[in-house]
Each structure stands twice: as structure tokens, then as C-alpha cells.
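I have a structure here, written as C-alpha cells, and I will follow up with some questions on it.
Chain lettering (A, B, C and D) follows the sequence in which the chains are written, and residue indices restart at 1 in each chain.
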Amino acid sequence: MKLWQKGIDVDKQVEDYTVGKDHLLDQRLVPYDCRASIAHARMLAKIGILSKKELHDLEVGLTGILSLHGQGDFTITKEDEDCHTAIERHLTDSYGETGKKIHTARSRNDQVLIAIRLYEKDALDTISSRMTSLQEALAKLVAAYGNTPIPGYTHMQKAMPTTIGCWLGSYILSLEDTKGLLPGIFSMVDQSPLGTAAGFGVPILKIDREMTAKELGFSRVQENPMHAQLSRGKTEGAITHLCSQASLDCNRLATDLILFSTPEFGYLRLPEKFCTGSSIMPQKKNPDVLELARANYHVVLGEQAKIQGIIGNLMSGYNRDLQLTKEPLFNAIDMTLSTLSIMSLVVSGLVIDHEACKKAMTKELYATEEAYKLVKKGMPFREAYREIARRM
Amino acid sequence: MKLWQKGIDVDKQVEDYTVGKDHLLDQRLVPYDCRASIAHARMLAKIGILSKKELHDLEVGLTGILSLHGQGDFTITKEDEDCHTAIERHLTDSYGETGKKIHTARSRNDQVLIAIRLYEKDALDTISSRMTSLQEALAKLVAAYGNTPIPGYTHMQKAMPTTIGCWLGSYILSLEDTKGLLPGIFSMVDQSPLGTAAGFGVPILKIDREMTAKELGFSRVQENPMHAQLSRGKTEGAITHLCSQASLDCNRLATDLILFSTPEFGYLRLPEKFCTGSSIMPQKKNPDVLELARANYHVVLGEQAKIQGIIGNLMSGYNRDLQLTKEPLFNAIDMTLSTLSIMSLVVSGLVIDHEACKKAMTKELYATEEAYKLVKKGMPFREAYREIARRM
Amino acid sequence: MKLWQKGIDVDKQVEDYTVGKDHLLDQRLVPYDCRASIAHARMLAKIGILSKKELHDLEVGLTGILSLHGQGDFTITKEDEDCHTAIERHLTDSYGETGKKIHTARSRNDQVLIAIRLYEKDALDTISSRMTSLQEALAKLVAAYGNTPIPGYTHMQKAMPTTIGCWLGSYILSLEDTKGLLPGIFSMVDQSPLGTAAGFGVPILKIDREMTAKELGFSRVQENPMHAQLSRGKTEGAITHLCSQASLDCNRLATDLILFSTPEFGYLRLPEKFCTGSSIMPQKKNPDVLELARANYHVVLGEQAKIQGIIGNLMSGYNRDLQLTKEPLFNAIDMTLSTLSIMSLVVSGLVIDHEACKKAMTKELYATEEAYKLVKKGMPFREAYREIARRM
Amino acid sequence: MKLWQKGIDVDKQVEDYTVGKDHLLDQRLVPYDCRASIAHARMLAKIGILSKKELHDLEVGLTGILSLHGQGDFTITKEDEDCHTAIERHLTDSYGETGKKIHTARSRNDQVLIAIRLYEKDALDTISSRMTSLQEALAKLVAAYGNTPIPGYTHMQKAMPTTIGCWLGSYILSLEDTKGLLPGIFSMVDQSPLGTAAGFGVPILKIDREMTAKELGFSRVQENPMHAQLSRGKTEGAITHLCSQASLDCNRLATDLILFSTPEFGYLRLPEKFCTGSSIMPQKKNPDVLELARANYHVVLGEQAKIQGIIGNLMSGYNRDLQLTKEPLFNAIDMTLSTLSIMSLVVSGLVIDHEACKKAMTKELYATEEAYKLVKKGMPFREAYREIARRM
């Protein structure tokens, strides 16, 4: 039975449509809901809604769910709708009336919000550390091959000399720029919505929101309950944007690597164990992994578009539309994390062909340098430029 | 073992990343691959590559897979990568060498393309018939309540009188406009890529592409093999655009229905069995189903953005990026189909509050009519307009 | 004075914000509004609202505006708001009361709609003929160099042999697919909204909508006035999607051309007069024009996203939001037209380096062919594949 | 003559296509290029490339351009291509050889980058202060009407009691969240690219990048020249995302205001001087300004999509595609700034209808409170919920 059912059956097709994939998506939220529920129960005990015994039972019950989940044994059925109902049902099955009391002084709205935020804080930390890993993988390559010269390109045409160090180093710095976006987004997430209930607070009861915020590691309480609702989707849009920026770094790097590993360029190659073949062409060793890393940027952008589209033109206060921001958020985070990982792996295995690089350092790359030699001798730059252009 | 393996192991993480969700997504393609494989096998028999016995075995094998799939018993493992490998493996398990021969004169590229196109043709037909169902549901409501007057709005402010019939009739016509986009898209899909192999045709062997095209119900062969590759993603973008147009019709209708079913407007109500409640507020009967129909438009737009983003800036010929157009295509189609269905259901159950509609027909709605009465008596429209404005 | 002013001044900042760029954007709509206004005036004369003399004056006035516009001398000021007001003001300045009568039995809503649709029909025709021109330019190149062999690529790695003819021919066919989308979209545009007024028709007066529709070359009247409003933005989304498909063809072709004109690939080159240089590097000859053609695809996608985003979650009936679909529509059309033109020009000037192409036909391109030779001799394909893979 | 011309004429149509709208768009960059050019000239003087006299001439020349621009008298012609060429041409016209020397040790690439970043820093500051103004306007309204009760809504259905203070206060806080994103983005912008030339630094000459960075108020030098190129578009994507977040706050607020000012809700009204009328309906007072504020969110999202789309799948190093990120950046910033301003104005003028608000406080809004009264008396929440549901 749903948390909100009053005895009238909901049409089966309507039920399927509204539940959507929540019972599948919500698996990842189980531990976060359990943590939040424990904190909520402790607060309820503190203000006298739950007895010590009741609190103990709920803590045991929720800890049990956590370990079931850890073993892959906590299932959310379509009838449960989502993880929040599944958890409450589980507690009610085990402890009857006590299980029912856990929902006092909260609404599914703030319950969902708090679980998602706890998840988001973890996700942001993981994205950050994966970016660091990719930076480290790049730094190792720079340490090993940094001075190897390669042509620098503009307009995909040879331009001026550069080095493996400068080229790969630019990606380390670009990732650093992406990281710089993190604190602002983290701070948006890092405010506890627990206790805002359905967006208008909890009437009558005096709850202790500071206590739950502190217990769950939030730096502050989100005081205004309508603000909690207004920030749903907005926060997810910002996180997805971060994902798009990290994915962009990977997209650009993958684009370079695909190009530089063609035989026509030939500056590097992927180890064979990272390549896949063709079902019809015996000779093929394909950089599929990089092509997918490249494509995933656009997937993340699509998820960003979904979230930012869904939340537009909506009246304030909770609207069910917001449910559909969950899947694109999860997907954007998953794609970003797996792409960052795979890029670290690929970068670690890259083989730079030093000879091919050197061979590619043809004379037109030095035209600018030649012009500046004339400048050094006193010729105005514009004249030196035309002089060298004539010589090419 | 993959179709393209040559004895070198692919890194496990790379394998996971490249396979992605294909083994899950591809379930829906199993029947289409089987149909295409049967047609391909018959053609191979006709040109002498397969013996009668071999053809018979493959037909039995593929028909068996079709019925396994129908019972939900055909599984694609992560090791299989996708449905195409799973099907070939199944045939090889059953018929040894014969199973291996099915891949003669095709590549996984055209195998994927043909299966997806067969699926797409079915999907387009289903979208079309679901649009018709929604039109019929709307027409029934128009037949029943067509003459009931309601205020017409511009800028969300009362403007001029209209009727339930005019209002809902406009959605019937908008869906008709959407249907008008279908033939052009269908025709893009309706060309057989089977035999284009990896995008450069099949060397040496003389295959009969007309035969397979005809057997599979395509109106023509896609002659140029590079064209087959170039149309991948492009076609999916067009289909997803169609989905977005059908979803837009639903989005606009849902927006009206949500607004008109607020107590403040009150022109209609959803039957309770279509409503869901709140976990904290006992009185709530919420139009969640319509909010999700509204939000799904943005999900479909996000899928369109993914597909159209992925295929940009790609060199011609197959690129692995294209694999990632599959999930957004499937998701856009699923969301569109389920939203069209749910809208038909909701429309069928709608209750129009005739009294509330009549009561809302207040005098400012007739201001334009009053002005035109003065025009009829000979006053220039601009003067009549100002005269009536003064009286309001 | 605005068409709708009643004596209360509108705040200046509000006025600036609401007028936006319409007075600039609307230049292109002037001839279409004049044509529609003439048809409207004739209809008003036919039903007795205008006298013969009045009709004559208006026809002379509107024809005068048309020729002023043709000479670049018809200006729309910010005070006019848009072309529709500017035209009416011009008529009123010249003919007093008669000028005011032109607005009888129409609203700015249907006036805008009819002008935009007339423009759109022209734009769709022009897009179609520019696509044909690009196809013709490609066909000429195919006629000249069609048999020149080039490597076919998958995953940006050499795959199998192909030819200039097959490669460029695939773009001719892709453009043909794009053209196939046109009739459905054209038909959506090709219904006359004139007479739907503000979305609820014209009260009291008996207007002749068939007459104006026929005079303006529409194949049918858009009967339901709310449908006329509902199709605004929806139609523009479909047109912009067409633009994105034509731009995609250009994007993919430009991507190939940029790559193939790098010295590393070297299969072709752009004539110098199509190249631009660098302000610092004397040797550079850059394919800027192709890079911009590539980038414009994403610009068009952005315009599509704007239009499809703006119209979501809007109540039916006119909403001012729709005004903002005009600029992205115009921009998408302009970018598509200029990109198609520039691609025709570039393709016409391309120089294929026959020798470089031949030299690139290295042996791995024939691996599949070798495998099929073994198949022809009786070896199962999978074995032949592994045999050839071993030999590479 | 272009900065890069060598004597071969560029095709006129190619020139038009490549220049695009830069000569119009670049007006706003003129002061920033002048400032950067002055700093660059001073550095060139310091390292001995320019004499004191030459520096003096250039400073006078650039200051002159600044004041011409301030009077609206500095024009950039299509032949100039962009502001950078126009400024150099102006200097060369005035000072001959000296004018030509200004381009020593820089490329148009870093010249464009530095001017855009200076502009971006200003734009970010202005966005921030406009957000503060809107917060202040909201705070004034809260101070005046904060305690007025209004219904809180979920699913657009009456949910629980709230107040004007809580409702509008939530927007103040949401804007604060948006501001929290600023420092990370500002820091990405706040690194000086001057001296990175075409993305590979300046050969031969020893330039002083710290000096120009400091003179122009940058907190640090962007050391790695390839990083400077890699951050182009990426930075603009981040800024546009900020714009989308600020525009979202306006979109949501506008949506509420439009709804609450319908007669059906009636909680507030816009002063007439902010409303516009209809050309056909004499009674209309429409909230066009809010509808455009709502729609502009989607315009900004479209600009974000353009920028993030353009930069994907591009090889590192400068690509001309990047030129097309300029217009969407400018447009997103302009739309955000004007929307923030207009919202401040509208909020300042809002009239709350205290009586209508009070009248809307119907009993179902207190159902949750009633349930909690039963909880207070000892009934488990789930039972209290069902009890109150029965009573409604």
C-alpha cells in the first residue's frame, strides 16, 4: 500500500506510468535514505515522539536494511513505488506501529530531497577524486615524454612547434578549472532540507532541524521550506553542468587521441588490449573506448538539457515533473565517472611514438620563429611576416 | 568470444565501458535480428553459400530463438556484448560450422542497421496508431461536451468566448499535423541497408540485396553503402523529432488539463482513480500523471539533443559513437508511446464541470463582440475598440 | 501609438524589454505582411466593410510600402514595435480613417501568423533549391573524379577501399533524405490562419477565409482558430529541425573535407582563395569556411532547442513567449541557407589529389577482400577472418 | 587589408561567410581590446621593442579610440573583419610603422581571448549586482507583506498554508545559491591569456606576461598556451550556465506571478503601466513582460547548448568554430541582464491583494495541521492521516 493511499484504487496503467523506473533507479538511494531515517528517528526520540525502545527498533531495522542492501538483497518492488516506501514498509513489517511512526514530521518530499543530497555529496567527492586520478595519469605521461616535440595545430593544420608536455599539460590544467567549479555547487547541495516536509514545514510539532543536519554532516539547515523545493532540479542542473565540463575535458582529449593514433598522424598508439576489432575486417584495431568517451559528452549534455528543461515554467512548490530529474542526474554522474576512469586507464597505457613525432616536425612549423628572427634584427613584424610567407 | 576477437584479451574495464547497456537494451531487437537473419540466410542459400540443409538448420534455429524470446527466455549476457553476437553464438552452439556461416557477406554494422530499421518501422506505425487513439478519445469528449462554452485565454488572461469543442478540437488537429511528418521520416527508414556490410559493401561475393529488401518489406535498397552509415543517427534524429512533436501535443494538453483542474479554474476534474495522494497531506488528489506527461516532453527533447549532438563533427564511415544513439532512441520512443497511451486514458475519463464552465463566462469575454457590434453600426474598429475599453 | 493603447503610458523599460529586437527582425516580414494585407483588404471590400475607393487607397498604399521596402527605404522604429504596426501607421498617415479600417476583422495574432507562414513557405522553397545546388555541385565532382580510389574509414582507421564517387555520392543521397522531410513540414505551414484573429475567430462579421487563403496561395484554411495558435512554435520547431538536418549534411561533409585536406591525409585541397591566414604564422592556409560550416550545425541545434523549449508547458491560446521563437527561426534559416551556399561554392572549387589518393591505398584495406577470396574457395568466413588477421 | 593577407584575394562569398556578424558583435569589445593593447604596448616598450615615442603614440591612439567609441563614433566595417583589425588599422592610419608594431609578440588568438575575458569579468560583476538588486526588491516586498498568508501549492493544488514572506523569500535564497556559483567561474576567467599568441607562445622574444596580467587586473597568468586555447568555449559554457541559473530564478518567479495575477487566482496584480493590451480585445491587460522573462530562460538554454555543442569533438588548438561562441555568449549575458533588471522593476511595482489572499485560505489547507493535532494527542501519524482524509 502506498504511503498516500486512502482506499481508492489507482488505475493500473496510471500507476505504471507514475512509478516509472523509480523502483529500479532508487537502489542507489537506499543507504542514503537509511542514514537519513536513522538521523530523523533520533531527532523524533529527542523531542519525545519516539520512545527509547522504538528508536532502538528503528535503528536496528534500518541498519539491517543497510546490510541487506550491501549484500544486494534489498529489493524494491514496483508496488513499493520507490525506495522510501520500500524502507518504511520493511520497518512496518518488522515493527508494526513503530515502523509507521518513522514518517512523523516528514513528508516524502523532504525524505527524497535529503537522500538525493547525501548521494550528491558523495558523487561530487568521487567526481573530484576521479579528476585527480586522470590528472595524475596525465602527469606521469608528461614526466616520461614531456620534452618530445610534436606539431602544434590550429585549424587542424600544422602551426608551430609544441611538446607532449605542453599538450597533455593543458588537459591537467583544464581539469583543474573544472574542479574550481566544485565548491560553489557543493555548497548549494550542502544544506539540509530534512524537516521542510512537503515544502511548507511541519505544523504543530517542534522538530530539531539543526540536530539532523549536524548528524548527517550538512554545514547548514535550509531554513525556508519553499526554498528547499525551489532548489530541486536547480541543484541537479548545476551538478550535471559540472559533469558536462568534466566530460568535455575527456571529449577533447579523446578527440586528440583518436586523431593522433590514426596511421596518417601516428604520434601515439593505444595498447591492443584497449582496442576492439571488426566482425568483417580482419586487420582492424579500433579505439572504440575513446569514441565512446567522446560521445558520452553529448549524452551528458542531453541529460543537462532534460533537467534544465523539466524545471522551466513550473509553478513553485513541488510538482511531480521533478521526479524525472532523477534518472538524468544519475545517468550524467555515472557516465562522467566511468568516462573519467576509462580515460585514466587509457592514458596510463598510451604509447608515444617518439620517432614519428620528431619526423613530423617539418619546416613550416618554424615559419613564425623565422619571422621573429627578422623582427629581432629590426624588421617590423608585418613585413617579416610577408617576407617569410613569400619564402614558404 | 566476440565476433571480432583474434586471441588478444581486451581489458576488462574497457570491455565493460564499450559494451555499456547494450546487452540490456538489445532485448527488443532480438526478433528483428532474427527476421533479418532468416532473410539473409535465404539469400545466402540462393547464391550458393549455404546448402539447403544449412538454411533449414538456421531457419529452425532462428525461429527457435524467436519463440524463446517471446517467452522471455532468451538472455543476452554481458559477454555476448549485444543481441547480434548472442544470436550468432546460439546458432553456433546448436549447429557448429553452419552457425558460423550466417555472418558471411554481412558485417555487424549492417546487421545492427537492418535490425534497428525494422524496429523503427514498427515503432513509427505504433506511434501513429496511438496518436489516432488519442484523437479518438478527444473526439468522443468533443461529441459529448463540444458546445459547452469556456473562456478562451491569451496571456493566461480571459480573452474571448470559446467552447470545449474548439479547445479540444485544436489538439486533434495538432496531432494530425504531427502525423503529417510521418511519411517523410518513414521513407528515410524504409530503405534496406542489409548488404552494405561495414559501409563499403561486400567484396568478391555477388549478393542479392533486392531479395532481402523485398523479403523484409523494405520499399527499396539503400544502394550506396557509405550512405547507409551516413544515415545512422540522422534517421534516429528525425524519429526523435517526431517523438518530440507528439510529446509536445501531450505536453500542451496536459498543461491545460492541470490548470483547468485546479479549484481556482475548476472547469474539469480527473477521476480519483487517476489521482495520487500525498504522504503528509490527507486532502490531496494530485494530477501526477499529467505532470509526468508534461515533463516527458523535456525528456524526449533531451534524447533528441543527445542523438543530434553525438553525430555532429564525425568523420563519415562508422564511428563507435553511434552506438550511443540507441538508448536515447529507445527511450524517446518508449516515453512517447506511454505518454500517448496515458493521455488517451486520462482524456477518456475526464469529467467536464458544465456549470463551472458556464459560470466562468463573464462579461469581459464579450468586449470584442461588443466592439464589433459598434463596427457593424458603422463605427471604425479603432474607435469602437477605445469606446468599449472605456466602458470596461 | 501602439495598436492596443488606451491612454495609459507603458513604462519605458518595460516597453524596451517587450519590443526586443522585433523592429529589426521584422524587416524581412514587410513584403509578406503587405501581401497579406492586400488580400485582407480585398476580402473586406468583398463583404462590404471597405468601399471600392478605400480598397483602392489601401492597395496603392501597400504597394507603395512594398516598393519602399524593395529600395531599403521602409523603416520600422522602436516606437512602432513591429512591422505590422509600422505598416498600419504608414497607411493611417496616408489615408486617415481608411488606414485604420484595415485592422477590421483581424488581430495582430493572425496578422503575424499569416506573414510568418508566407515567409516560411518561401524559405522552405529556397532551402530545397539550395540543397539541390549542393547536390549538383557534388554530382559534378563525382562525374569528374568518381572512380578515384580512396581509403574507406571506420573508427577513423583505414577499413576497406572505396571511391570518391561512393564517398561524395553518399552526401547527395543524404541530402535527398533531408528533402524527403520537406513535404510534411510544408503541409503544416500551408494552411491559412488569416481570420482566426486572436485565436477565437472574428465575432459578428461574416468574413470569407477561403478567399484570402486562395489569394495568398494556401492550399487550405486553418479552420479551428485555437489550432492556429497551437501550431505557432510547433511549426517553427519542425522547420528548424529540417534546418538541422540540412546543416548536419553540411557538418559531416565539412568534417571530412577538413580532415582530408590536412597534409597528413592530403586527399584534397581547397583553392587558396577559399582559405584564410593567420595573423602570426606566415605559412598558414586555413579552411575557416569549413570550420564555420561545421560549427553552424550546433548553432542551428541551439535555435531548435530554444524554440522547442519556449513552447513547452504553455497554456493553449496565445502567450507572449511565442514572440521569442521568431529570432531563432530566422537565424536557423539564415545559417542553413548560407551554409548550403558556401558548401556548394567550396565543393565546386575542390581539388582532388589523385596521386595522394592512390598512394593511400595500402594493403590492409584489402584484408576483407582477401578473406572473402578464401571464403570463395570454401573456407568458412570466421576461419578466413582469423587466417587473414594472422597474416597482417 | 586583413592582418593575415598575403596578396591573394579571398572569394567575396567566403569572406562574407567567415566574417559573419563579427563587425557588429565586436562593438562591445572595443574598450577591452584598447585596454589590453595599451598594456601590451607598455610591455613591448619595457622589453625594448617599442621606443618611448612609439609607446606614447600608441597610448594616445588607443585612448583616442576609446573616446571615439564612447561617443559611438568608432565603426568597424565588414572589411575590417572584427574590432581587433579595425583598431590596428586605425593605429596604422595614424602612426604608420608604429601602428604595425603593436601586433608584435601577439596573435589575434590571444588578442581576442584577452578582450573577451576582460569583458567577461565585467559582465560577471554586473550579473552579480543585478541579482543583488532583484534580491533587494524582493526583500522590500517581504518587509511590506511578509505575513500575509497565501495558500502553498503542490502539484498546482492547494496544499498547506504559507506566507508571502516565505514564498518570495525562497527566491531571494535561490538567487543566493546562484551567486554561490560565481567565484568558481570568475576564477576560470581570471587568468591572463595575453602572450599565449596562437596557442604555442611567442618564439625568440622574451615577453613579460606577469606585467600585462597585473596591469589588466588578472590574478594570475595562464602559463600553458595550449591551455588558453582549450579554455575557450569551456569558459563561455560555464558563464552561460550561470546565466541559465539566474534566468531560471526569473523564470520560476515569472511563472508564479503570471499565475497569481490571473483573475482565477488573483493574489496580486501588475500595475497597468507594466501591462500591454491586445489589438482586438479592448479589455485586455496582459503580463507580456513576465511571459518574455519566462521565455528568455529557454533562449539562454539554447545559447548554452550552442556553445557546449560547438566545442565538442574539436581537436585541441584553435579552430575557427570557436568564433561562433561569441554571439551566444553575448546574447545569453544580455538576456540575463535585461531579465534581471525587468524583474526588479516588476517586483518593485507588484500590488498584493491582501483580501484575496486571506479569502483563499480555505479549510483543506489545514488538513495536515489537523492530522498533527491528532498525533499530538497520541494517534500514530498514518492513522491520523486516514482519519482526516475521511473527514474532508
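Methods note: contacts are C-beta pairs under 8 Å (C-beta built on N, C-alpha and C of every residue); 3 or more make two chains touch, one makes a residue touch a chain.
As the structure is a computational prediction, the values presented were derived from the model and not from experiment.
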Chain pair equivalent in interface to C-D, over half of contacts matched, among B-D, A-B or A-D: A-B
For the interfaces B-C and A-B, which has the higher count of C-beta pairs in contact? B-C
Going by average Cα coordinates, which chain is farthest removed from subunit B? D
Give, as an integer number of Å, the spacing between the C-alpha centres of subunit C and subunit A. 36
Distance between the CA centroids of subunit B and subunit C (whole Å) is 25
The distance between the C-alpha centres of subunit A and subunit B, rounded to whole Å, is 28
Among subunit C residues, those touching two or more other chains are 6, 103, 109, 154-156, 159-160, 198, 259, 277-278, 280-282, 284, 286, 288, 291, 294, 297-298, 301, 305, 309, 312-314, 319-320, 368, 386, 389
How about subunit A: which of its residues touch subunit B in the complex? 2-6, 8-11, 13-14, 17-18, 20, 103, 106-109, 197-198, 272-282, 284, 286, 288-289, 291-292, 294-299, 301-303, 305-306, 309-310, 312, 319-324, 328, 338-339, 341-342, 345-346
Tell me, which parts of subunit D touch subunit A in their complex? 6, 49, 97, 100-101, 103-104, 109, 152-156, 159-162, 166-167, 169-171, 173-174, 177, 180-185, 187-188, 198-200, 202-205, 222, 224-227, 229-231, 234-235, 237-238, 241, 244-245, 248, 251-252, 255-256, 259, 294, 297-298, 301, 305, 308-309, 311-320, 368-369, 372-373, 375-376, 380-383, 386, 389-390
Subunit B - residues contacting subunit D, complex: 154-160, 258-259, 262-265, 277-278, 280-288, 291, 305, 309, 312-314, 364, 367-368, 370-371, 385-389, 392
